[in-house]
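Just so it is clear, A, B, C, D, E, F, G and H label the chains in written order, and each chain counts residues from 1 on its own.
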Amino acid sequence: MTTDNTGERDLGYARVDLERKTRCGRSEVIFGRGKTPEEVAGIASALREAGQPVLATRVTPAHFAAVKAQLPDAKFFDRARCLTVGANPPDASNRRVGILCAGTSDLPVAEEALVTMEFFGRQAVLISDIGVAGLHRLLSRVDEIRTFSLVIVVAGMEGALPSVVAGLISNPVIAVPTSVGYGAGFGGIAAVLGMLTSCGSGVTVVNIDNGFGAAYAADRILSASL
Amino acid sequence: MTTDNTGERDLGYARVDLERKTRCGRSEVIFGRGKTPEEVAGIASALREAGQPVLATRVTPAHFAAVKAQLPDAKFFDRARCLTVGANPPDASNRRVGILCAGTSDLPVAEEALVTMEFFGRQAVLISDIGVAGLHRLLSRVDEIRTFSLVIVVAGMEGALPSVVAGLISNPVIAVPTSVGYGAGFGGIAAVLGMLTSCGSGVTVVNIDNGFGAAYAADRILSASL
Amino acid sequence: MTTDNTGERDLGYARVDLERKTRCGRSEVIFGRGKTPEEVAGIASALREAGQPVLATRVTPAHFAAVKAQLPDAKFFDRARCLTVGANPPDASNRRVGILCAGTSDLPVAEEALVTMEFFGRQAVLISDIGVAGLHRLLSRVDEIRTFSLVIVVAGMEGALPSVVAGLISNPVIAVPTSVGYGAGFGGIAAVLGMLTSCGSGVTVVNIDNGFGAAYAADRILSASL
Amino acid sequence: MTTDNTGERDLGYARVDLERKTRCGRSEVIFGRGKTPEEVAGIASALREAGQPVLATRVTPAHFAAVKAQLPDAKFFDRARCLTVGANPPDASNRRVGILCAGTSDLPVAEEALVTMEFFGRQAVLISDIGVAGLHRLLSRVDEIRTFSLVIVVAGMEGALPSVVAGLISNPVIAVPTSVGYGAGFGGIAAVLGMLTSCGSGVTVVNIDNGFGAAYAADRILSASL
Amino acid sequence: MTTDNTGERDLGYARVDLERKTRCGRSEVIFGRGKTPEEVAGIASALREAGQPVLATRVTPAHFAAVKAQLPDAKFFDRARCLTVGANPPDASNRRVGILCAGTSDLPVAEEALVTMEFFGRQAVLISDIGVAGLHRLLSRVDEIRTFSLVIVVAGMEGALPSVVAGLISNPVIAVPTSVGYGAGFGGIAAVLGMLTSCGSGVTVVNIDNGFGAAYAADRILSASL
Amino acid sequence: MTTDNTGERDLGYARVDLERKTRCGRSEVIFGRGKTPEEVAGIASALREAGQPVLATRVTPAHFAAVKAQLPDAKFFDRARCLTVGANPPDASNRRVGILCAGTSDLPVAEEALVTMEFFGRQAVLISDIGVAGLHRLLSRVDEIRTFSLVIVVAGMEGALPSVVAGLISNPVIAVPTSVGYGAGFGGIAAVLGMLTSCGSGVTVVNIDNGFGAAYAADRILSASL
Amino acid sequence: MTTDNTGERDLGYARVDLERKTRCGRSEVIFGRGKTPEEVAGIASALREAGQPVLATRVTPAHFAAVKAQLPDAKFFDRARCLTVGANPPDASNRRVGILCAGTSDLPVAEEALVTMEFFGRQAVLISDIGVAGLHRLLSRVDEIRTFSLVIVVAGMEGALPSVVAGLISNPVIAVPTSVGYGAGFGGIAAVLGMLTSCGSGVTVVNIDNGFGAAYAADRILSASL
Amino acid sequence: MTTDNTGERDLGYARVDLERKTRCGRSEVIFGRGKTPEEVAGIASALREAGQPVLATRVTPAHFAAVKAQLPDAKFFDRARCLTVGANPPDASNRRVGILCAGTSDLPVAEEALVTMEFFGRQAVLISDIGVAGLHRLLSRVDEIRTFSLVIVVAGMEGALPSVVAGLISNPVIAVPTSVGYGAGFGGIAAVLGMLTSCGSGVTVVNIDNGFGAAYAADRILSASL
């Protein structure tokens, strides 16, 4: 187990990038799927040893158990399928990110975004169950939504919520299609196509079910010297 | 040119079904695409000779010219790409069909629905440019929309309008996806998938750009002994 | 657990819409997939406490057990994967909905439509195994089919039944593609494309396997003041 | 311009297979698309010089003009987009092939099949405009259809006709999907998927718009020593 | 349990068509997938009581056990996933069907075709492992293949075998794409597209993995009065 | 021609939203495709009369001529297919947007983004021809790219540029797939899928060829009170 | 017009990479599609001024005329849609590349490969019209094919030729799918999927219609110090 | 169990090609998926008895156990899902193949390539975790990569690595898309389309997850008499 002069630490099964924060502004995040509990725990430990906070997405309770055995202050977020050890320092401003979630089934993706935002030290507010089929639920919250610095909109099925939200607010709208639905939803295809072709101008889109990516994009915005 | 004992008239290039009205409640409609002006004119004349009104969809000015030469009372609907000669008797009731159209570019499809509805003797009201990106335009008309016996909702791009409308009214909602849009709209695929997976319950869908089919379905509803 | 001034009851895991019936004419229906038994039972209880009937679709025996423990008059419909507690008042008229089912494998979807229709207080008749490959089975029932106020046609594979039915009757035809089949059926794609491009005029289509949606659309028609 | 010892004649732009008839039972057929008029005329002449009949499919009037200038007995089939020079000897039996065509727009494909059948010396009967939306048209001809040795069924849109025909007759059914239709027909995808997943057993399918291929398959059947 | 005047026997869960043989030349075949063992056994018994042979495809050992309990002379074909009880009378002629199979993994589909052919009383010969990547294996058997009245060609992956075979023989070629392969094979899509666009003229195609359908089509050919 | 109390002006062929700026922060933009030159000119005039700047995208020289006839200070941007009349007030800050363009063929889309940015009063810098196949071109400009407040990355073919850029900078990255390429590029599908699945974290994506949408999203970011 | 210190020459409309040969072993090639004749001529001149040979693919006669006006020794290859000015020095060895072409319609792609090979100074032999439907044409040339250092196999429709060739020879096989065909060929999708899933081991594939890319890959192989 | 005069050994369940090495230069390789442990062991034994080395891909520990019981010197490669018994003689030259792997999750595919290369007697070096999102990892190894005779590049998600590598080196680049990723990656579709449309010239591509095929293609190159 060595750390080479490019700032990487070679664990055999992984090459941990310990200088990403210096280079790109954020430390490396662990994508848990396809890695064993031991591998996730090993990478997490290497990051902690280098004094960095840890976020692992798409992890199971088994991953969490392995990490917690080595890093007792690890926290698990069940529905979000994430674990964290430590976090980035909190944003001193009072800026808040809104995470709008169309239906209950979209919550795992929305909560992945929430955990990621908080890991980056951002304040985020999750508002769920405000899909467009019951428009009053959205409309009664428009004033609050306009107070957010930006919104992440999570929706499955036809993915219409970002179009409607984009027409109601001026701030950035990041759309996350989910694989929720069945039949002609085709595991998120209907939603992602709908969001890409949104009639609401200036909506941007991330991959299906990628709550993490939306939050990461949000953090790029919030940390930019705008 | 003969009429056989199954109530058909064989024009060589087409077999005109003169007893469809008796059998199915509505006379035969001419689908113009792929037929020559002469063929459309010939079928139209055969229907008129049998005392039936004529609707031809997807026709060009050349088709209209050929028909008008034989049937001087023919009318052409430019944007709808339709022609009619005569019409079915008007509906005596005061029932009205609403045709809601998301954007200006969807108008050819919406007007095809309008012409078809009027050909079947129905009252129809076309409300255009009320897509979900400017929700106030829709919301300011909800009371009127609730007075329609049923609504046909025409939208391209992500096709979100039917989902929103379905959550606002109790009456039937027939959704027409259009090929309007570009890129990931894929000629109407985004819209048709979005409408099929609508989170608004009880939305039914017809083929991409099929304003005629939506109106025909509406006429099935209005003429049913409910 | 509170009911806010928009007529919602917030259960934490769900926001139950108790005024949907007032607003849209029908009470909220529970989509069971992706919800735990406890969540479905909680929402069902909240609806019952508000004096509303309960329909949950896509539920398992485990969901049913949890609901029945709290609401002993709950009923389970095995093949339809539905449960109900109470029902809407019966339609006083003698109108009947026909549910035509192409093959035995399509029955779960057809029965979901049937349970939904009956939950809405409608009379419905399910005729199964009348696919187009044995046309005599359909033809011998045409007279009966013509007595229905509308028909829901459920078919998988190539989904040809609605086209044939639409040519035989004048009343509304709602087509439900199913995921029954294999290979080039692609989980219902062949059927849904076939129904959208039906040569029978005025057929409308719902999502793959969406028996509930077809019945909901039927109820929109039957309850419209036509 | 030479004929090599494998029975080919090399024209530079093409290598004409003069011994295919010996080897595979049928002489080479020219696929006109993508070839210049001069190239088609050259290949046709080479085949004629070798004493073989000529069929060219997907040709334009310009192709025909070039061929006729060299081979004055060439015949052009406008709607079928075919030309022939000479033909195979007629089938001495009284066997007949039925070509059933769903709609007028499918005629170019059906006539390509017809011309090919006749080029192979077979008797064929084309029955058009008998799509499933007007079932009486098909049913009134079932007795005649049962007299055919085999049937080629040509249909676009949802492509349902072969399923229905296969349930009515015992003889071979070759289905030809066409690109007729729009929207969710996707240039023949709906039809080809529908025919591949036909609920009528024992239907076989050729490529979209491939009337020639269906007739060739029919000729394989008719010429087999069964 | 009743037999109605259309020759059907209504078992509640199925409507057995006892007169299909009279009407279409072949008795009803049971598609096992999606049916319980008891249902398959019940339908099989009904057919046997009406004096008809039984073929059930896509069945499991559990289906077979249930059938055998009622019909002790039932036979199970493991790799073909079929069961039979009795069979149609053997073809008196010496005609033989060739079933050519590209690779070992395609055998379940090829054997389904074989069992079906034999159930229909036909002689069939299965030649496996002769895919085009080792052409000598095919070429060394061409003489034998030319003795078959028709060939069924079963192949997965790129599905090239039918193209090659079609160029070598004059008799009918029925191609069966299989879902064998991975990645860009997309569960048989590569094979079915390849077979539909075969450069070998007159190849016809059935659904992915549909060995039964190919054999049924073969039986249509063999039983036609050609 | 009237202006109603919702702040719209109804031109018959269009309903111009004159209060969008108040409501959503930006005035209405004209999507030229599918509108006649007269329609675009009419809407442009209505906006100007209301004191608003005009941007029309996807316009032709004919559209421009019609607009210029009424509004002589109109400007045309040939490659970007845009026209403007007036503009929003310039951003007082020294923030700059980088528009990175993979290849020459992507320039129309990149310039649409550039024109839009400048219309919104933003400073933008277009760097073209820095696709990943010649990495030195990108690497030699990384220092400059890091000075941009955010970057819009425009690429066709496999769309790899945003992934690489996202790993080099910390600020927001908005990816625009283009339809540039052929074959398996499928009109932008390869690029849009590649960008959605980018291994560079926090990349967001807009529709294929939607330079306008990317710039609009950028303006949402720049105008947010972050 | 300047040449910067990274070895690029900035023409405004293009950034010509004059040091690619040094860096990657081959000089820059011009992709003509989407560039004006003037732009192609300008880039060609810049390359010539730097002493480099010029290859432009996907060019029209108009492009050629513009280039020839500036560089009189330019040569045009009509069917290949290529132009060259000068060439790389010839390969001193006697190695030859075989370009095998399934059908006449595939020739433009095959000739693009041929022109590219010769531009790189390689000897190449084009053998056309040897598709798998007439296997004897391929088999009679196997001995010659085995003498090639590597083969490029060009085929449309089902794209089976590379599978067969890969089983006959030991040397590298580069497969080029073409868009030749219609219907279920889907513009080359059938061919590219077929080649990717080839049962012949070790076949590699380039983009649809990309004869240039195949030849470039061949040149990578031939110039490697193997 | 017999060996026929075409050099095959017929095991009943398989036809082992014992002369492939003579004919095509490499002995037969066993594709384990879809074969039982006994079948794989039987084929392996037959190959060993004929004095040939054995490589089986896509095998499980159960397959390995069965082989090892018969052939004790069998070796298992867990992550690569391969087993070998013996190997081809080592390449006497000092040529080395580079296997570049974008991420940890792509390792099973990369290691399948590695095992196959070594089975063919080639020296290969696997460099993992050098995806384009952290470009410094790739750039710091370019000098080493340029020493490889050819490189195999393995990447999932958007599959951008081969484009970048192709621009950095002159030697052959074989790209292997993997199914790693989720959502719009569609099981490798994004990666395979991205690689086919790579802006890096002369990249060739194999099937999704086909590490074996890439290595086989590499061996074709290395063993060619270039």
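Throughout what follows, contacts are C-beta pairs under 8 Å (C-beta built on N, C-alpha and C of every residue); 3 or more make two chains touch, one makes a residue touch a chain.
Owing to the predicted nature of the structure, the values given are computational and were not obtained by experimental measurement.
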| item | value |
| --- | --- |
| Neighbouring chains shared between subunit D and subunit H, ordered by label | E, G |
| Farthest chain relative to subunit D (centres taken as mean CA coordinates) | A |
| Taking each chain's C-alpha mean as its centre, the one farthest from subunit B | H |
| Which listed pair, C-D, B-C or A-C, duplicates the contacts of D-E in over half of its pairs | B-C |
| Subunit A and subunit F, separation of their C-alpha mean positions in angstrom | 27 |
| Mean-CA-position distance for subunit E and subunit A (Å) | 50 |
| Centre-to-centre distance between subunit H and subunit E (centres being mean Cα positions), rounded to whole Å | 36 |
| Contacts with 2+ other chains: residues of subunit E | 134, 167-168, 183-185, 192, 196-197, 201, 207-208 |
| Interchain pairs in contact, sorted by label | A-B, A-C, A-F, A-H, B-C, B-D, B-F, C-D, C-E, D-E, D-G, E-G, E-H, F-G, F-H, G-H |
| Touch list for subunit H against partner subunit G, complex | 24-26, 29, 95, 149-150, 167-174, 192, 196-197, 201-208, 212-214, 216-217, 219-226 |
| Contact set on subunit A toward subunit C in their complex | 104-105, 128-129, 134, 136-137, 140, 180, 182-185 |
| Complex contact set, residues of subunit H against subunit F | 102-103, 131-135, 139, 157-160, 163-164, 166-168, 181, 183-186, 189-201 |
| Sites on subunit C touched by subunit A in the complex | 6, 8, 13-15, 17, 20, 23, 31, 33-35, 39, 177, 179, 187-188, 192, 207-210 |
